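Lettered A, B, C, D and E in written order, each chain numbered from 1.
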Amino acid sequence: MATLEIDRVRKSYGAVDVLKGVSISITDGDFLVLLGPSGCGKSTLLNMIAGLESITSGEIRIADEVVNDLPPKDRDIAMVFQSYALYPTMTVRQNIEFGMKIRGVPPTERAKATLAAAEMLQMSHLLDRRPGQLSGGQRQRVAMGRAVVRQPKLFLFDEPLSNLDAKLRVDMRTEIKRLHARLGTTTVYVTHDQIEAMTLATRVAVMKDGVVQQLADPQTVYDRPANVYVAKFVGSPAMSLIPGKLEIDSATAVAVLDVVNREPKRISGIPISKESAARFNGRKVLVGIRPELFSVSAGEPGRTLLVHIDVVEPTGPDTLALFQIGGVEVTARVPPKTVEARKTATLSVDTSKIVLFDAQTEERID
Amino acid sequence: MATLEIDRVRKSYGAVDVLKGVSISITDGDFLVLLGPSGCGKSTLLNMIAGLESITSGEIRIADEVVNDLPPKDRDIAMVFQSYALYPTMTVRQNIEFGMKIRGVPPTERAKATLAAAEMLQMSHLLDRRPGQLSGGQRQRVAMGRAVVRQPKLFLFDEPLSNLDAKLRVDMRTEIKRLHARLGTTTVYVTHDQIEAMTLATRVAVMKDGVVQQLADPQTVYDRPANVYVAKFVGSPAMSLIPGKLEIDSATAVAVLDVVNREPKRISGIPISKESAARFNGRKVLVGIRPELFSVSAGEPGRTLLVHIDVVEPTGPDTLALFQIGGVEVTARVPPKTVEARKTATLSVDTSKIVLFDAQTEERID
Amino acid sequence: MATNAASLRRQHGIGRAFIYGSLFFMAAFYLMPLWVMITTSVKHLDEIYAGSFVGLPTQISFDAWRSAWSEACNGTACRGLKPYFINSLLVTVPAVILSTGIGAINGYVITKWRFPGSNVIFGLLLFGCFLPFQAVILPMAQTLGILGLAGTLPGLVLVHTVYGIAFTTLFFRNYFVGIPDELVRAAQIDGAGFIRIFVSIMLPTALPIIVVSCIWQFTQIWNDYLFGASFTAGENAPITVALNNIVNVSMGRKQYNVDMAAAMIAALPTLIVYVVAGRYFVRGLTAGAVKG
Amino acid sequence: QTKIEGLHVWTSASEVGALKVLTDKLKTMGFEWQDSAVGGANGANAQQALRTRVAAGNPPAVMQFLGFEGLGWAKEGALRSLNDLYAKNGWKADLPPVMLQFLGQDDSFFSTPINMHRQNWVWANKAVFDKAGVAVPTSWDELIASGEKLKAIGVTPIAMSDESWQIEELFESILIDVNGPDFYKKAAIDLDESALSSPEMIKTFELLGKVRGLHDAGFTGRDWAAATNLVANGQAGMQIMGDWAKGEFLAKGMKPGVDFLCFPTPTATPNYKFVFDTFGGFKIDNADIAKGQDAVAEAIMDPEVQKKFNLIKGSIPARLDVAMDDFDDCAKRSFSDRVEAIKNNAIYGSLTDGFAVEPRFSGVFQDVVGKFFVTDMSAEDAVKFLVDGINNAR
Amino acid sequence: MSRPIPLSDRIANWLPRLVLAPSLLVVLVAVYLFICWTGWISLSSSMIVPKYDFVGLNQYVRLWSTPRWHTAVFNLFVFSALFLGLTTGLGLLMAILLDQKIRVEGTLRAIFLYPMALSFIVTGTAWKWILNPALGVQKVVNDLGWTSFVFDWIAQPTFAIYCVVIAAVWQSTGFAMAIFLAGLRGIDNSVIKAAQIEGAGLPRIYRTIVVPVLRPAFLSVIVLLSYIAIKSFDLILALTNTGPGSSTEMPSTFMYSATFRRDQMGVGAASAMMMLMTVAAIIVPYLYSELKEPRDGH
């Protein structure tokens, strides 16, 4: 268990700058989820924490100790590789036991831990197979098993559940949560799964092109994204960002949406601080509305929109309704069969959760 | 473009029976999504369709032609491998162009198609890299690019988006949908992503342990799962299955839930056919309720439950509330901050969407 | 449609037939000299000298084999090849093990623990492959003399090991290059050190190349004449020196039948190594290791 | 018993049998012979082994030398002097004087000879000769001319090989037979440039060129013994080879004069070309071994040993005073011819086998002769190459 | 809060270097020091035993004035080019064919390998007979009725070297095959599957996918075959004994006979140096191009 400080870390492969000064610091027991688009440098950062990639510049500290030059085996880290990296000549059992063997765990204990892990990963019947004889998801679980049997200072998980079915993924997520609750081991976890990020993380770092965009607890990242990028990236379907203008009307902010059904539309009741209100009054903003803020009903005038639905996408539990406001596509999540495509619908918006962004800097307006 | 018939196909690896008589038949232009738990045989089936694995018994027909002995190269199939299987010595461009080169596509056309695919996959800047210099998600996109530049008789996708971030995945999903709309190519697609399955599929096959559980259109699979297994497997969070007893009260069915807050609870308005009503009257059933069928409000008496919330899990757009009914854990999806853990809450249920299962056979009761 | 499948099956069959055909054709070509050797070894010497070099023997006799095994003369010692087997084994086995082991770990370092200059070192080692051994015999002899190993089997083991390293390192380096680095990384994370990774991860995946290295080194050392003749003498001589003395007569008649038998007998251990080691040419040792 | 290690090139049955005579004798003198045989590559393998062992400071006690081999080591001061033994036993007088230059220098001896082979023999199948009506030729022209008669009855006139050394055996016989022993000495021993480039030399090559038509197509890479067998079997008429070829006939039970003929290569000026083996001892700091080395020398010079040895090996004793009664006719003739040649100053070392000039020069002869015979090189070119080569090696 | 690196870690950091050190040291002595020694001898007047005087480039002049050396150099190039090309090609072909899940793979592999096991001093004789026009192939074909068939390369000074090539290819292909086979067995099958899906036939797959992946194996094979080509010694001696008329002389046989048969150690050393320089001139750039390339992830 340990704190982890990543201090202005850079990484280049030749001319390609992959990490451009990343600083993240988490405390003992934190569960950090790294979010970011494909290729933004998440795995690279993980590898550097593990000591598997050299650090071009900057410092990484684990438990207040600079580890830049510490070999991986002395960092006491357990890691799930994105590419699994299973030992191909060993059976699943041997793969899982290898780390314990090296750390001198006695055989009986090893066997017990392995069985427990296999149980948890629902693969007790596969223990004597070789990786080559497993399915993709089974391989991923072996990779997972190799990490969870250990009790390291730091867990690093690189998309450990990406190839599992939804049901198993929920189980595993719960198990990871339980593991973290039990051991309290500081963890860094890369995932693209919204729910994993939200349910597991105590801290979320959103990265883009090797730069951290926001580091905060998950709810904050979701509710108060630091900038347009984070707003768009976190949440699926993504937050819709409608261009508009900010107007201050007594105490509450009013955003004037550019065009709805050929005329500008005012929505009111957007939370915003006094200072910002003063500063941004009359300026162009982006109005961020998450799909679930819509509901199919008429509300107060400042919260109601009359829209023409373009497309309807059923997703099972809900339906996504797509329509245009001010030239941008807006997504609303509504219960199934409550709206129809190519028809007009009345939607109300929970404006208290709307987020505003400066149209120029794309930063959030508090 | 072609029909695909899989006829009582079996596959064994030595003593391990992986597919136990799978029959699936889809028509020209269908988009079949294979769903199933990790290790159930999806990739194996795909490999057999592609001709990469021998068929232990049974027949596979593409465009009405038995292909059991047709070598892969003559099947005119494009495939995305779960493990990517990129050509390590070729650049991304060469990887993508390879298939076209073999089919004798002229260079200019090749270059155009490659650029278009790279554009679509958002990786135009990576075309001259080798696979070893790419991130996991970038590799997966190369694998995808290799398939989409071709215009085969059959597309096979094995979890092609599993390693992409949510945003990219949405984009890719749209692109695949567009591609399918444009080319109308028969497609078999393995995914664990609920939304992918629902939005892309024209047919869904749910598999378990090498046996097809249900083959139907996606909404049917979601709304009317063939059995408990499918009900549990499709949908995330999963459908809750509460043990109860069926009673017929005038025309509508009434289920008596075992115990809610220490006393049995009757809920009414469950759709069920006359015959079933007669047959199952008074018999033990499982009452299937999806999390989104709950809402936080009191409704008619036969649709309202008073429950004690155990755990609350915020997922961003919604919150999951977990509570116990009749000894099973039930999940409800409710708007954030509408319920609190360790407090009592009043929930109403949309009983018109409840599904009943025979407690013995676990089959759906129509 | 069935006809189509049948024709394809036929096509497939033709492909297989072609593969088997070419393999058997090549095998026949490769066996030709062996055929000559075997027939010669069971011929009577007079028949050979009467002009029947190639062709079937009129009468089969295994005298030549017996002679080669236990009677043929190496100088005044007429005990056949038998006594020299043990010398060769005493040299070959340790030298093969040593050089293969060293080569394996060298290849491992050069591919998985690269440091500035490691490729230069590899280049330096490699250039040693091209050394004409005849040119280094004298300084090597002096060196062995200084080390006190002149004329001894350990000395010969040393020489073979030294000059084998270049090759074994080459083999292993070029095999390990293809093994994903991720495996080493995973093992490092598991806490395995330099040696442990080598033993537990790299060696098991290196089976085919261990086989290649052993085949090569065994063949080279077992069949070596130059070093054997130079650095041993008399009773210490390896089998090739004895074979040479049986075969290479200056002013006497060559006993072709005995020569052929002797050559085949001398080759037996190497052949056994080929057959036994060949089984470890296994497929898919790295299957399932990494994704992507 | 002190072990005396001997390094030698003898590996064939007859050679080893002969060597046993020597080792048995040594045993009776209290020394055990420790055998180190290194055959092949015309002695180069043994030379190489010897050099490495000297370099490693581990030389054998005694070493077999041919031709100039011993002289080089003697010049390096590596060999033990046998002067005392020579003086005590008066061996100098027992040996043909031409031998002495190979046994030591300036009356300082380091080795003792055990045998002598004659190089310039013709071996012929008597039945074939009779059938073709060929008599023993008296000149090379006659010998070559007899080829046509032999061809006429369907046999190969001359059994030979395309190996350079076998061709050179032929060449050196022509060289001395046609031009006389004095010319041979000037050209092949003194390497006199004017002799080497003389018309006689060209003529020698031309004559050699005429032999080209007299062999068969299978001569490629043929072993000399296989060639001998062609003669013995009657597939070929004759072979020009040293007296080691004799064993092949005898082994078949053929009798000299009856079944096969042995006669010197045809010449107007009878001559004798020799090859012989000697043993010398390296300086080793060990009195026992020194005694053993002396014992080897004494055993070699024992007339009885020489007789028994050469009966097996097919050569004749190095000593002049050994009774030849038990030897076959060819050997007897060799012995008497030698006496004659010594008298006439017509005895010289064989060029091919390293007794004429140092190896770096004899090698040039071999290169040129070997190449000349298998290509269409002109005699003039051959002589030019020869002179250039010799000069380059000087 | 940086801490001093403990000794054990420093040793661990140096371990890779330490492991390579003995090999490097040994090679520096047994290869490079000995090359220097040979270089020195090539500048001396050494004949029977090494002499440490200095005669300039005399021995090199003498070497290059020797026609046989010219033959040897020419042969080396002809031989190496053909031998490398044929052996690599055939070895690869065999490996690929054997990799097609062949039933009798073990037996065939042993058949292709066995020539390496047999000492060439003897197999050379067998080849000599097979190639001899009066005994071997030509005779068999002639006897079968095709009387005009001629195959007498071994008797022809200009063609004899090709016979050496044939025998050398026969002897070494098995090993090239073994290396390629090991390489093939290390390849992940899924890549081949992917190519099959894309419609590539086997030849194409091997040409464009597999062979490029086998690049390191090629390095092994080429280095090894070059070594065999340069060393080819027993082969020549047993098969042609450099004949007919020195036409199959090779640098190795030249060097050996100069040093040990003709007492021209200086010339022998000079020829050894020339060989090394030639090898360096050809191989070093190749090695450089093979090794400089940054390796991909895998």
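Going forward, contacts are C-beta pairs under 8 Å (C-beta built on N, C-alpha and C of every residue); 3 or more make two chains touch, one makes a residue touch a chain.
Keep in mind that this is a model prediction, so the values were computed, not measured.
Considering the contact criterion stated above, the chains in touch with subunit B and with subunit C alike are A, E.
Note on connectivity: the fewest chain-to-chain touch steps from subunit A to subunit B number 1.
The chain with its Cα centre farthest from the Cα centre of subunit A is D. Averaging Cα atoms per chain gives one point for each, and the point farthest from that of subunit B is the centre of D. Chain centres here are Cα means. That of subunit A falls 94 Å from that of subunit D. Separation between the centroids of subunit C and subunit D, computed from CA atoms only, is 39 Å. Subunit D and subunit E have centres, each the mean of its CA atoms, that are 37 Å apart. Shown for subunit A are the residues in touch with two or more other chains, namely 71, 82-83, 133-134, 136. Contact of a single residue of subunit E with at least two other chains is seen at positions 12, 50, 121, 132, 135, 188, 213, 256, 259-260, 295, 297-298.
Among the residues of subunit C, those touching two or more other chains are numbered 134, 138-140, 180, 182, 193, 205, 244, 247-248, 284-287, 290-292.
Put simply, subunit D touches subunit C in their complex at residues 5, 7-16, 19-20, 23, 33-43, 45, 48-49, 51-53, 55-58, 60, 117, 223, 225-226, 228-230, 233, 235, 242, 244, 247-248, 251-252.
Note for the complex: subunit E touches subunit B at residues 188, 190-191, 193-201, 204, 208-209, 212-213, 215, 295-298. Across the complex, subunit C is touched by residues 12, 15-17, 19-20, 22-24, 26-35, 37-38, 50, 90, 93-94, 97-98, 100, 102, 106, 108-119, 121-123, 125-127, 129-130, 132, 135-136, 139-140, 170, 174-175, 178-179, 181-183, 185-189, 213, 216-217, 219-220, 223-224, 226-227, 230-231, 233-234, 251-252, 255-256, 259-260, 268-269, 272, 275-276, 279-280, 283-284, 287-288, 291-292, 295, 297-298 of subunit E.
Interface residues of subunit A facing subunit C in the complex, by the touch rule stated above, are 47, 50-52, 71-73, 76-79, 81-90, 98-99, 102-103, 130-134, 136, 139, 146.
Of all the residues in subunit C, the ones that touch subunit D in their complex are 46, 49-51, 73-78, 134, 137-142, 144-145, 150-151, 229-231, 233-235, 237, 241, 244-255.
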